[in-house]
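In what comes next, chain A is part of two complexes: it sits with chain B in the first one and with chain C in the second one.
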Partner chain A sequence: MKLIKKQIPLAIVFVTGVLTLISYYVPHKVSVDYIETLNKWENIVVAFAFLLGLISLFFSHYNKIARKGDGWGYSIFVFIGFLAIIIPAYVSGGKQMVEGVLTPLGWSYKYIYTALSGTMFAVLAFYIVSTAYRSFRIKSPQAFVLFVAAFILILGKVPLGQIIWDSALGWTGQSVSAVIEWIMQVPAVAGKRGIMIGISIGAIVTSLKIIFGIEKQYMGKD
Partner chain B sequence: MTKHKVALTLFLTLFAAGGLFAAKPAPAVKKAPAPPAAVIGGLTAVDMPYDVGNAAMLKWAVNPADTADTFYVVYVSSLATGGWLEADRFAASAKTGKDIELPFWAWDGSSLEHAVKIELNNTYGDSLPDAAFQFKVAAEKNKQAIAESLPVSVTPVGNWFRLDRLNNLVLLIALIVIFFWAVSHAKRKGLFIRRIAGLDAIDEAIGRATEMGKPIFYVPGIGSMSSISTIASAFILGEVAKKVAQYDSQIKVPHYDPVVMTVCKEVVKQSYMEAGRPDSYREDINHFVSADQFSYAASVDGMISREKPAACFYMGYFMAESLLLAEVGATSGAIQIAGTDVEHQLPFFFTACDYTLIGEELYAAGAYLSGEPMLKSALKVQDFGKLFVMVSIAIGMICVSVGAKFGWDSFVPAILNLFQNF
Partner chain C sequence: MKETLQKFFKIDRRWIFLLLAVTLVVPIVKPIGLPNKSISQATTRVYESLEKLPAGSFLLLSLDYDPSTRPELHPMAMALVRHAFSRNLRVGVVTYIAGSTGLIEELFAKVGKEYNKKDGTDYVILPYQPNILAVMTQMSSDLYGIYSKDRNGTDIAGMPVLKGVKTYKDMSLVVCVTGTAILDYWVAYVGDKYSVPVAGGVTAISQPGYGPYLQTNQLKGLIGGMKGAAEYESLIKQPGKGTSGIDALNLAHLLVLILILTSNIILLFVKYF
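Now for the complex of A and B:
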């Protein structure tokens, strides 16, 4: 049993991981074909897993409606939304437009899905404002640095801010746009690169842990 | 009068007949373009090194007589004779051996010769004819051929090693050696690991949820299972779920990706078993929400707003939904711990969450929480790796600065090659 549950999966992970790693250094067609095959397999697995996801979605919302749990009314919209896309898709044969005219699927996509997605994305603008307000409450020296950088950026992006800068700090000989350019190109890029170097090394080490079977929490423990 | 009419008719007839018997003008002969006066000598074609086998490299000597309006045109054919297609066109001053983007250990390019990489896919599509390809080069001035080479041929083949990535391979081997040293060292002695505030706060967050009798939301992001951050998130989920099971609290894990959901189900189930609480495990702890970014964000936002969780964890790969989620969580009053390796989403988490794990800390979190020496040793490798990179960058900066100061033209590019990804 341990062979099937532990050793064979670990061997598959090791062989697949090492081959994938080697393929980065081998440009031959064999290597390219191997990576393409892996990608195809991944797509097939994802397609089947999507069915599992759909079942899970319906099951949890059906239970909520049946139990009349908190906010069960919202769960009805899951089914309404599903039908509002699936039925038009079936009727339209999966096409959004025929001879320049919107099909029922195209209509649902444009006037329901796109509109709702756009609304969610638009909400982001309000959240950015409230987050900016929160970040402007200076609680630490680091927060103060963040505040100063953000304040200069905001100041430089509006004409009024540029006028204020020129009248108050014009004597320095530096325009606000030059200061913004420096902030974005020097400290911001330096910080970002530092984070990226850490992330890259962390990713390599995590991959090695998985390939060599040191990290196997995803399979449970003995 | 009649005499005059006959004479006129005869004259007209003769005139008309004259047109029939007159010598026809010779048909206009299309003048063949004058053959190029000169021949481009020394053209060679070789297989492009370190590639999959779909490119060739042409080389010939730079002609000092070329002027600014001289262009080179490269022709390719898959046939033995004829069938020439234009593959490339460039100014005579461009594309020398120095312009080939390969490092010094894999390519010895000279500015005295032209070196042109011809991607055959661009001309023949993905499935190349299984034949030797003919190449010829013509020099043009004012769209008139002034010189042409003799055809040369080459059969592109796939190579087995990317020598240009040798620097990358050396770094990887160094990391593997440090990795195994750290693992064996951890087995013998154990290692000191610095504290990570965001991870120490997990206990506090779960304790708070238990006291308040409210659920914990664990959001694994919108990454797929092939994303390292999602894998790291699954490891953290295992440790968080174990503590949740021990405290007999509640955890909810809404998912964006069904594959991630399937893996996380196993992880959470295992954690409950390890905590000795398999009876508390429910299948709907992990549930699929949507595979659409904003639908997912809207749904999770709704859940957080309605259920007012005591703690929210955002661990994994996040894009624009990071702020949508974290801001709603902050408004609901939950203690929030986030971690992601998407550096441009980190500022949103910094401002909206109580604790944020930056990139590598996310990868380290599973090992840190588990407390297993073998796993913790990997954190040491990360630290050694960063030390190695920092020292390398410092040395590289000094070398490049000194090289630039003293005008060592070949030294500076060589140092930059060492740090470059090919």
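Now for the complex of A and C:
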């Protein structure tokens, strides 16, 4: 049992991991063919993962409706939303537009998906503005630095802000664009580069731990 | 006095919502037409990258955004396609976001018609693919190994638009417009590895994160947010949704600043006076 549940999966991960890693650096036909085969397999696995996710989603919401759990009414919309896209997609043969005219799928996309998705994202703007007023407090030197940087960036990112800067601080001889350029090129890049290097080192270490079987959490608890 | 001021902190958030709604709706209904005073270097670099390509070059566009980021990203994608068509470039489109397919259709139906460009001859829209890294790697050796048909199921082999295009070596430039981290993948897995020039268009919120790539020239240029879209529109001298949306953006940004300043001034007053 240990062989099937532990040793064979670890061996597959090790062999696949090492081969893929080597293939990245070896531009030989064999490695290219190997990567091509792996890419096709990956696509098949991803397609099944989508299907699995869909089935899991349906079961979860079906159970919620059957149990009449909290907010079960919203779960009905999961099925309505799914049908509102999948039926037109089937009818239209997956095409959204034919000779410049919207198909039923194109209609569902434009008037249901686009409208809902845009609305959901737009609502965020209202919460951000409200939170900015209620929560952004300059209580420490760090918060002050953050505020000054944000103030200059927001001001400089819009033409009206640039006009205000020029009329109030034009005498300094520095345009807000030049100040923003410096903020973006020096402190922002330095910070971002540090974060990127940290993340990359972390990702390399985690990958090596997985390949060499030190990290086994992905296999579950058994 | 202090009690009255403290009441402002507990103001019903719906008043702020209303204020923002008015701030956004008014300039959309009646544009103020504020001038776009400066054009950033990063946007100019994208423009110049396209501008220097000879007619007939192949431009690969990776349009990876859905309706949630449409106001910022669709105008810049539209400006890029207009620029490419005006320069008679051949355009290929890929996407790794399922929700972007309708927007791509809409974009090419509109701009293709404006420039009298034909699907399959002047541009090709490849179908959505879910596995980004597999597709990116595959396109380095053989594009047709992963894409055999376009989004309508037509065979792409033999299409005039793809004549002589098999791998990244045959592409002159890749431009990724996205509200996700897909641009990072283009830089790391394609640009750096296969020496393909990569440029991008991203949302304003993710723009600062690409500074390191711009500095090292791993990104040939970057269009950032609605302002970037407005800048690009002014570079190609075709004002569009980016330019018209900038008024609402102007006032909304200023509203945020005013609200933050007001709340902090009240805080100081309550604390020290």
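Just so it is clear, the second predicted complex is superposed on the first by the 190 of 222 C-alpha atoms of A that agree within 3 Å, B and C clash if a C-alpha of one lies under 4 Å from a C-alpha of the other, contacts with A are read in each partner's own complex, and residues count from 1 in each chain.
One rule holds for everything that comes next: contacts are C-beta pairs under 8 Å (C-beta built on N, C-alpha and C of every residue); 3 or more make two chains touch, one makes a residue touch a chain.
Being a predicted model, the structure only gives us computed values, none of them experimental.
J.: Quick check on the superposed pair: does A:I210 touch chain B, chain C, both, or neither? Answer first, second, both or neither.
T.: first
J.: For A:L160, is the partner it touches chain B (first), chain C (second), both, or none of the two (neither)?
T.: Once the two structures are laid over each other on A, A:L160 reaches chain C alone.
J.: Using the superposition on chain A described above, determine whether A:V13 touches chain B (first), chain C (second), both, or neither.
T.: A:V13 contacts neither chain B nor chain C.
J.: According to the stated criteria, A:V179 is in contact with first (chain B), second (chain C), both, or neither; which is it?
T.: neither
J.: According to the stated criteria, A:S130 is in contact with first (chain B), second (chain C), both, or neither; which is it?
T.: A:S130: touches chain B and chain C.
J.: Identify the partner contact of A:A89: answer first if only chain B is touched, second if only chain C is, both if each is, neither if none is.
T.: Touch status of A:A89: no partner.
J.: Looking at the overlay, what does A:Y218 touch: chain B (first), chain C (second), both, or neither?
T.: first
J.: For A:N43, select first, second, both or neither according to whether it touches chain B, chain C, the two together, or no partner.
T.: Only chain C; A:N43 stays clear of chain B.
J.: Figure out whether A:I199 sits in contact with chain B (first) or chain C (second), or with both, or with neither.
T.: Touch status of A:I199: first partner only.
J.: Mind sorting out which residues of chain A both chain B and chain C touch, each in its own complex?
T.: On chain A, the residues that contact chain B in one structure and chain C in the other are 32, 42, 46, 50, 117, 120-121, 128, 130, 132, 134, 192, 196.
J.: Which part of chain A faces chain B closely enough to touch in the complex?
T.: Against chain B, chain A makes touches at 21, 24-30, 32, 42, 45-46, 49-54, 56-57, 59-60, 63, 70-71, 74, 116-117, 120-121, 123-124, 127-128, 130-132, 134-135, 146, 192, 195-199, 201-210, 212, 214-215, 217-221.
J.: Given the complex with chain A, which residues does chain C contribute to the contact?
T.: The touching residues are 9, 11, 13, 16-17, 20-21, 24, 34-38, 40-41, 66-71, 99, 101-103, 105-106, 109, 113, 129-131, 133-135, 137-138, 141-142, 145-146, 152-153, 204, 208-209, 211-212, 215, 225, 227, 246, 249-257, 259-260, 262-264, 267.
J.: For chain B, which residues are in contact with chain A within the complex?
T.: 50-53, 158-162, 165, 168-169, 172, 175-176, 179, 183, 224, 226, 228, 231-232, 234-235, 238, 255, 257-259, 261-263, 266-267, 270, 273-274, 284, 286-292, 294-295, 297-298, 302, 306-307, 320, 323-324, 327-328, 330-331, 341, 343, 346, 348, 350-352, 358-360, 362-364, 366-367, 370, 374-375, 378, 381-382, 385-386, 389
J.: Please output the residues of chain A touching chain C within their complex, sorted ascending.
T.: So the residues of chain A in touch with chain C come to 32, 35-36, 38-40, 42-43, 46-47, 50, 94-97, 100, 106, 109-110, 113-115, 117-118, 120-121, 125-126, 128-130, 132-134, 136-138, 147, 151, 154-155, 157-163, 175, 177, 181, 184-185, 188-189, 192-193, 196.
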